[in-house]
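Below, chain A partners chain B and then partners chain C, in two separate complexes.
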Partner chain A sequence: MKKFVNKVDEILSESLTGFGNAHSDIIKVNLSPDYISRKLKPTNDKVSLISGGGSGHEPLHGGFVGHGMLDAACPGQVFSAPTPDQMEAASNEVFNGKGILFIVKNYSGDIMNFEMGADMISHDNKTIIVNDDVAVEDSTFTTGRRGVAGTMIVEKTVGSLAETGASLGECKVFGDHVNNMTGSMGVAFSSCTVPAAGKPTFELSGDEMEFGVGIHGEPGRKREKIKSANELTKEIIDTILEDLKPEKNQEVLLHVNGFGGTPLMELYLLFNSAQKLLENCNIKVSRSIVGNYTTSLEMAGGSFTITKLDQNITTHWDSKVHTSALRWKM
Partner chain B sequence: MKKFVNKVDEILSESLTGFGNAHSDIIKVNLSPDYISRKLKPTNDKVSLISGGGSGHEPLHGGFVGHGMLDAACPGQVFSAPTPDQMEAASNEVFNGKGILFIVKNYSGDIMNFEMGADMISHDNKTIIVNDDVAVEDSTFTTGRRGVAGTMIVEKTVGSLAETGASLGECKVFGDHVNNMTGSMGVAFSSCTVPAAGKPTFELSGDEMEFGVGIHGEPGRKREKIKSANELTKEIIDTILEDLKPEKNQEVLLHVNGFGGTPLMELYLLFNSAQKLLENCNIKVSRSIVGNYTTSLEMAGGSFTITKLDQNITTHWDSKVHTSALRWKM
Partner chain C sequence: MNGAKIFDSIKNIEIIIHDHKEEIEKLDQEIGDGDHIFNILRGLEEILKLKDILIEESPEFIFKQLGMKIMTTVGGSSGALFATLLLGMSKKYDPAHSDLNNISQMFNEGVQSMKIRGKADIGEKTMLDVLIPVSKSLIDNSNETNISKVAEKISFVAKQGMLSTKDIIATKGRASFLGDRAKGHIDPGARSSQLAIEAIANQFIIS
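On to the complex of A and B.
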């Protein structure tokens, strides 16, 4: 296994310690139970946003802790749900007078453990379940659609609303709305290796791709020969648009996400393909973000996410954010 | 070849077009000749910083065009030097009253073409040659040491000084100083595939690493069995410190750079290993940056860069920067 590692069972704690020290101006890291929280407590009463999930998708979620986005993130072991005591401890640390909003990607283990965590706290709380992946209906670890790269967009926009002092109910409704306006789909050129397993999660031959892959290497819609960037982009964008059913002249946020092992050059090339396709359908790409935000360890491949924009979503996308992985209008 | 591509000879132009559209708030892209420049011209007279080099190292250099850093970047084809007409056109576009400062990584092709570009312009100009790689003295494409991930640190700090209205001579002296205070070394777990070649640049067996690798896959010091993160970090950090000869209690900037195919979790784990080692040597890591900044396409591996800090370098590292890939204090 070709990884930078000392002992497999210490990867998470060593990595979290490094993460905490590298960004000690923005976040702090608690170990046992593991959670990441903001260095500076907000000065106003606000809903506290807590996300989390298996590690291996960095910068999601810990990289999005900070002003304008999450209050805390609970990282599980690689591709494994965090445990309820993490959500309990993080909730007690970051409660700030207005309740706790959990943002959870739709995987059975995450849903169950976040529910148990929610039962362990005395604060008012609600949960947004993100299920933006239009590739498949049920999947290996999921009843219903999977939550993937659209989660970052939910975290950014609801994080912004929460900073304004909005109520727990308002944040929950808005988050569900952003999720409903968002669709994603990905493609893998390679597998990835979970350190504790020591071998690739799945095998792809030299000319194959997994179309509609999940972010843990779950099967997608089909396995087929690699196509040109324009061809596979068209197939994915068409699938997302069938789901989102945008009006003519709809403005959208287009997110091209790398899974970890694909060069930035290729992600920008994909962005170019997708933007041209969308504009040919009279859909205007008025906001964009390209890069490795929701990764699958070192998997080669990437995903497209489209969010239909309205005035509210645009305002909360554009607002100030200051995290280790997303920063603007600081 | 598993890449997102339409036609191999259009990768660069398609990718640049996507890059320009994705970040149209910060930069603009000119094609034929290819260069990236700031969207907004500086409002004060300042030295104009122009860098460039082969593509495939993104976000270096185009991702560093913007306030507080570069005025323009000239991307060559993948791992190939840009041509002199690119530097000429970029210089004429971004000249802003105080001369042109070229920042060039030490590769023979880059040096030659930047020199030819400099001869084609009428503006005063000087060149900083970055040669921070302590792994080997001469290399495949290089007389003397290679320029690698320390280039970003030179671009950030000299970019900051240039914003203050410093003279061309002052910027040149400061850039040479930052380069002298900086040392880097990397290790590769895998090769990468240049699209035009269609096959990996070199081969490594399943348990081998290339120690001291260059960012184009050039050979390093030795090829050996993979070691633990702590062991290989110690060997690299010791090598850099032998070169930099820091005093006791020296403050440093520690940069852990990913080559493109290594998960962020592992980079933070490396940061943790290196920070502990440095602090055991009474060297204080007072600034840090971790991530994929100087990549080698999809190569698995990474590098460490250490810059000895003095008051000037610290001030210019900390100052405002607003580019697509680096943003703080905006």
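On to the complex of A and C.
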């Protein structure tokens, strides 16, 4: 394993400390229990948004704490759900009169730990479960689809609505709506190495890719020979569109997300492939974002996320945001 | 049942899990994401640190503290579930009952709480495929006087439950994302649970 590390056990606390100091104008970091919150608590009454999950997906979620997005984020160990006392402490710190909205990716461990955290607090609270990954079929017999890169879009738009003073119920309904309008799917060219494991989570030979891979390097639905960017983009975009069933002339937000080990140059190439494809289907890419936002440590590969836009989602996507990883209009 | 016996059991669990570290890690990497073994070992290490503080306390109090410790240090599915198991167990201790009776009642309560927390049941390729049959077997044998015989039985039942996960298509947990691809693989949570049961049973089997 070749990683920048002092002691494997201290990777998380050292990284969090560095993150806190590097962005001390926006956020502060609390250790034991670990959570990241805004440097300045908002002065107006607002719903407080708390997300979290395993570490190793940076900048998700800590990088999205700040004005217009999250109030706090609870980082777990690498790829492991955070513990309930983190959610309890973060809730008590950021509660601002209007209730707590938890944003949780659809993994059993995250859901259970957030539920236990919610049981420990006295404030009104609701939870949005993000499950945008169309690679995994949804049915009543499974845990369901995974929450992946679409989570950032839910956090941005609901975060914006919360800043307007909307109620807990309104934020919850809007978050579920954005989640329903969003679909994602990814492909990996290489595995990633969890520091505690010291070796790659899975093996891919030089000419193979894992199709529909999860953001923890968990295997996808199939393993195939690598195809051209246009071919694999088409397969992924077709799968997402099949799920989202957009109308003709639908406006969408297109997000190309890197998993951490793929250069931006290639991500923009993928964006180009996807945009052309969508335009051929009479779908208009009116908002876009490209970059490493929901990563899987050093995994090579990336994912596409499409959100069908309506007036509300567009307004709340465009509104000002000031976090360490997303910042515009302020 | 007392603090010394409880911590002896935990130490035995830690030894057996440690001896099977690579195997469990490999099972998890095949159908999960590889974090299970590290979570389990971290949890065991944390609760063993409590030995000196808790050894003189009542079983009820010890189980509650162990549950809280797991809950706040482990994370992931296994942290939430094993914390729920221990907290559930802490609720059913009765000093007037025999050890076997206590263990049966406590374990049953803990496993019921896990089913609710995990929204899962038997046949879904999880640790519950081991823990539910063990709990049933303990209840069925809670008036047995030959403890060694009961220990042999639950050790056997645990192994059968663990092996049964091999041919189940997962519907819960991360393995469920794999569909058919997880078939033929033993669930890592079922394996670590079975090993823990075996470690405890071995303390009571007189061969």
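As a convention for this text, the second predicted complex is superposed on the first by the 325 of 330 C-alpha atoms of A that agree within 3 Å, B and C clash if a C-alpha of one lies under 4 Å from a C-alpha of the other, contacts with A are read in each partner's own complex, and residues count from 1 in each chain.
Basically, a contact is a pair of C-beta atoms (placed from the backbone, for glycine too) under 8 Å apart; a residue touches a chain by one contact, two chains touch by 3 or more.
None of the values given here were measured: they were computed from a predicted structure.
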Chain B versus chain C as contact partner of A:A81, first or second or both or neither: second
Partner chain in contact with A:K329 - chain B first, chain C second, else both or neither: first
First (chain B), second (chain C), both or neither touched by A:Y107: second
Which superposed partner A:N21 touches (first chain B, second chain C, both, neither): first
Touching partner for A:H216 - first (chain B), second (chain C), both, neither: second
Which superposed partner A:F271 touches (first chain B, second chain C, both, neither): first
Chain C-contacting residues of chain A that also contact chain B: 78
Touching residues on chain C, where the partner in the complex is chain A: 25, 29, 31-35, 38-39, 42, 71-81, 83-84, 117-118, 171-174, 176-179, 181
Sites on chain A touched by chain C in the complex: 33, 54, 76-85, 107-109, 112-113, 115-116, 136-137, 141-143, 146, 194, 196-197, 201-202, 214, 216-219, 221
Of all residues in chain B, those that touch chain A in their complex: 2-6, 11-12, 14-19, 21-23, 55-56, 58-59, 63, 78, 189-190, 206-207, 209, 226, 228-230, 232, 260-273, 275, 285, 288-290, 292, 295, 297-298, 300, 302, 327-330
